[in-house]
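Next up: the structures, one after another.
Each of the next two complexes has chain A plus one other chain: chain B in the first, chain C in the second.
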Partner chain A sequence: MKRKGYLEIIRLSKEYGEVKALREVKLTVPQGQWLTVMGPSGSGKTTLLSLIAGLIKPTRGKVKIGGVDIFSLSDNQLLQFRREKIGLIFQQHHLIPYLTALENVMLAQFIHSLPDEAEAIDSLIKVGLADKINRYPRELSGGEQQRVCIARALINNPGLLLADEPTGNLDRKNSELVLNLLSKLHQESNFTIVLVTHDPWVARWGERIVQLEDGKVVDDFLVQKSRGRKR
Partner chain B sequence: MIVERLRWLLKVTFKSLARKKSRTFLLMISLTLASALSTVFLVFPRGARMGLGRELRAYGANLIVSPFSQEAGSAGLSLGLVADSGFLNIKALKKYFKQNPLVKEANFQLLARGYYQSQPVTFLGTEREAFQNASQFWKIEGRSWPEKGEVLAGSQIAKRFGWKIGQQVGFEMGKKKFNLKIVGIAESGSFEESTLLLDREALSSWLGVNDVASQVLLRVEPTSKIDFFEKELKNDFPELKILTLQQVVKREENIVIKVEMLLFLVTIFVMVATSISVANTTSITVVERWREIGLLKSIGGSNAFVTGLFLLEACFLAFFASLAGFFLGWVLTEAFALSVFSLWVPFDWWSMPTSFLASFSIVLVSSIWPLRLIFRVEPALVLKGQ
Partner chain C sequence: MWLRLFLASLKRQKLLFFLAFLSAVTGTAMVAGLIGVYFEASANVSRELRKYGANIIVQPASSGYLKEEDVYKIKTIFWRHNIVGINPYLYGFAEVKPAGKKVLVAGTWLKKEFLTPEGNKFVAGLLTLNRGARIKGKPFEGDQGELAVIGSSLAFQLGLKPGDKLVLSSRQKEIEVRLVGIIEAGGYEDEQLFLPLKKAQHLFGAEGKVSNILVSAVTVPLDEFGRRDPKTMTRREFEKWYCTAYPPAVAKQIEEVVCGSSARPVWQVVETEGKVLSKFQLVFLTLTLLSLLGSIVAVASTVMAGMMRREDEVALLKALGASKRWIGRLFLSEAFFLGLTGGLSGYLAGILLADSINQLVFGTPFEGKTSLFLLSLVVSLVVNFLGFLFPLKKALSFEPGVVLKG
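Presenting the complex of A and B:
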């Protein structure tokens, strides 16, 4: 049965001068689905993710999240929308270096509305960092930093989580920890995930894989359960 | 809710500043110096006016008030004829001057003509305290204040008659004859050098008058209010003749204006140099924190929000620099005032807003240009590491 699309990407194109980074991409992602976008370098994965996040504007096309065409919003409305509906995780664990793990999570709360220490601590406990809430990023391993990023991305209960190569800088053991955590949280909260990776092993953690090449969708398939979660 | 947000914001700001301690410290020093100099610029001229005022008392008062019926002598002074004309009522005038805050000093003088070997001489009766104030920059040989039966001779009259210190001299005043001992010879650079100075009370008793004066030398401050005061005095006492010693007034004003101009130029120079330093540091900071800016924007921070964070850091610094600058400014002011005029300038809190204004205006004005870079940060590119 076809589920209703929470994320709808309609004929989305992005051009940088002569370079066509994305060409007429069409995708519908149902509520709660974990979509993995795969492709080689320069295939347009990160561009697609940045467009879904509203960080850049498309040359043509639309992105609808929860029925809202995000590029029809004003800049301020788009910011507000991103605060409330979208969580972001990046390959390089972008944390504010002079803030502790807890404060980094609270920063997202602060930008959203009001910092709530208890809630932020709870989110760090959920990602397995109960004993490291007051550590600074430099005192955390790469995997731990990425878990802080996950806690920060999910602290405001977004409907859509966008992850750009979240395990790109991690070894296999830490990657598994992070992906297991994402999987667990995804099952608990049923938010929609769009994860970008070039690693087939990472891609198989999702429910659906979209293959991008030269800015176009060349393949789109559901992950078989037998090949999926448990490797 | 607002308090909670503000508390959190301040905490983040403080942590951000604490991260780059040496840079923050240097910036703080620059701002403190600018703030201190602006405090000095504001406060020191006041000290300078006080000091100059004190020194210029040596040159005399800035107003001379006498009864209209008196004759005007050289340099605007009445030299005698006190028995023939009206006197000033000391009690009434003292009461009037006491109620007027513009009058800083009033020296009531009694002038009388006497004779030495049939040659006319002028006696100048004055009060001890006023004399001491006025004579502190005079050159006096011998004793500086005559007691009973003594007199201080002006240098010109002493030279004219060949008087020496310690000499007994016989005078006539009307039908009275008396001997006075010359206890000192004074050089004032002014009319006093042609007179015989003594206690006003002693002179009053020889003349047989009480609580009257021939003229009063007034020091009115600030000098910019002299015209106003003169008009007021003429209105209240139309029978008085008032002379303004424009030279003294102008000399004082010129010196103060020059000091103010010099301080103003130094302050502007330091403020401009500090502004350049702040602008440079802010530019470096923005470039260094490119990723942080991108991150804040990507998680929903608006340009205004991110700019606000940076401005808050700058204002945080400006606040503490203002406080430090204010107190440093006072220390410098006191040091200058003490070394140049040997006086303490009274401490006042009213100059604090200027110190704050200086720091905050430097920070805000010089941060505007570099902070516009924040608007150019594309989070998508920054987060990709480009």
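Presenting the complex of A and C:
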């Protein structure tokens, strides 16, 4: 399985003062793979994801996405890179509370380039919110909010989707809905996914699991298709 | 989209924006009011000061006389509206009979109305030039008639009183006049005998001539630039100097219309007035700057409070890839909106303020001007932009990483 990696993480370390959150992590993720990062609390999962997104800077090491070493970019280039290549989904839904579902999606378009209302509505229909596009976040359930976030993360066709505990605040039923949706969209568009969770049940949707402990990769294996993937 | 984002953010933070808006309005009103009053008041103050004597004296450049007809031309110069008093003199000595004494006779206007070339009525003469002068009896008007007014000290020396008939004889002529009043001006005027200008010209055989002209002009205090010698100036500098109401600039313009004259500021008067006005300006400027500063701080602290609550939002925008410029624009458009509305309201409030101050101090109403309106807008925009600066800096420093923290 020596495919050329779309995402390459090379000896990546992050220290917060004394705390070594990541220690020399090496990881290669091929284009289109759904990777699940697992590990106990404090093992460095969020830190890893923030680094891949370029939201924080590493102490040492590199992150290459599509061959681009993102930390060699200038701040503005990095922002542009993030706008164009990376979609983000957070545990807390992080929608702007005073904008409707539609406007939240359009905001991402707007930051990227120009808002396109038709496209934004389309994306909300795809995540099954056709009848709720004009609702405010507080008028949506947690699962629905997370689906708005998925629509927002994918609106600019990123090559890489990063999700930190996307179902962390959802019950099983809603989690399943969200993960099935992601799975469907993943098959349609074949973007690369890095999804962080500590819930093994969630990990079944992915193709490969990386286990982090104390800032180090301790396990890395492919998921048996027969065992997990739901449709 | 911009508008939607902006209106939505506005709607959500109604109270905060309202507070920021109020600070901007108060500040703008204070500043607009103060500046409005300031311009009005410095004009009023300097006009007040100008009621007590001349600040420019016009004399023949060499020996001889000036022409009476040129006196009227002083109301045609660039700064004609600033000329508030004109008073020509023709001096000569004459013997007063029956007292049998030689006295200084001044042919002049006490009060003379004429029409300027623009068709405005203008009252010239000693009594409008020097409001401090008091007349016992009554003054003569215009420049004709067999009437005279005598200085109080001279009247005392000669033992004369209103109603007395006098015979005046110069080397050329002898005339008879009736004393109608005694003038007390507190200066050298009190030693003189005043005749209507035409009468004096007749007495001294100097028809159509005057010895000098006193002028009172509303001027601006001299600064470094105003003190410079116009001969050393470039064309543009000279133009600017010429079109500023500095005393020497006004004097220069008078010189140009009065044939064969040399006009110069009465420095003692000019310097004193300049000092009074400068102090007055300093007080106003300080007040204005203080209120400006106050309102900037008020806006800044209100907006800062709001910004702290928007950390999540800003971090999210950054995580979505919004650049500093993008975020800056978002907040500055809020500042711009507050600036415009604040400026408008501040202007209206400022006019009310200026009006009440003006009514109180000078008894005149204050009229809103376009320039003041523009000024209010600028002030309010400046207050808001500066007020947003610190909060914006804070916002830009928010780390996008926090969005991933649960």
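Some points to look at:
Note that the second predicted complex is superposed on the first by the 229 of 231 C-alpha atoms of A that agree within 3 Å, B and C clash if a C-alpha of one lies under 4 Å from a C-alpha of the other, contacts with A are read in each partner's own complex, and residues count from 1 in each chain.
Everything that follows uses one rule, which is that a residue touches a chain if its C-beta (ideal position, glycine included) is under 8 Å from a C-beta of that chain, and two chains touch if they have at least 3 such contacts.
As the structure is a computational prediction, the values presented were derived from the model and not from experiment.
When both complexes are superposed on chain A, chain B and chain C clash. By the touch criterion defined above, A:Leu99 lies against chain B and chain C together after alignment on the C-alpha atoms of chain A. In the superposition on chain A, contact of A:Gly168 is made with chain C only, not with chain B. Once the two complexes are laid over each other on the shared chain, residue contacts for A:Thr46 go to chain B and to chain C alike.
Once chain A of one complex is fitted onto chain A of the other, the partner contacts of A:Arg82 extend to both chain B and chain C. Of the two partner chains placed around the shared chain by superposition, neither chain B nor chain C is touched by A:Ser74. Listed for chain B are the stretches 128-136, 182-190 or 218-226, of which 218-226 clashes with chain C, judged after superposition on chain A.
Judged by the document's definition of touching, chain A residues 46, 50, 53, 55-56, 76, 79-80, 82-83, 88, 90, 92, 94, 96-99, 103, 106-108, 110-112, 115, 152, 164 lie at the interface with chain B and also at the interface with chain C.
Across the complex, chain A is touched by residues 1-2, 4-5, 8-9, 11-12, 312-313, 316-323, 326, 399-401, 403-406 of chain C.
Residues of chain B that touch chain A in their complex: 1, 4-5, 8-9, 11-12, 15-16, 18-19, 291-292, 294-302, 305, 378-380, 383-385.
By the touch rule above, chain A contacts chain B in their complex via residues 46, 50, 53, 55-56, 75-76, 79-80, 82-83, 88, 90, 92, 94, 96-99, 103, 106-108, 110-112, 114-115, 152, 164. Residue ranges on chain A touching chain C, taken from their complex, read 46, 49-50, 53, 55-56, 76, 79-80, 82-84, 86, 88, 90-92, 94, 96-99, 103, 106-108, 110-112, 115, 152, 164-165, 168.
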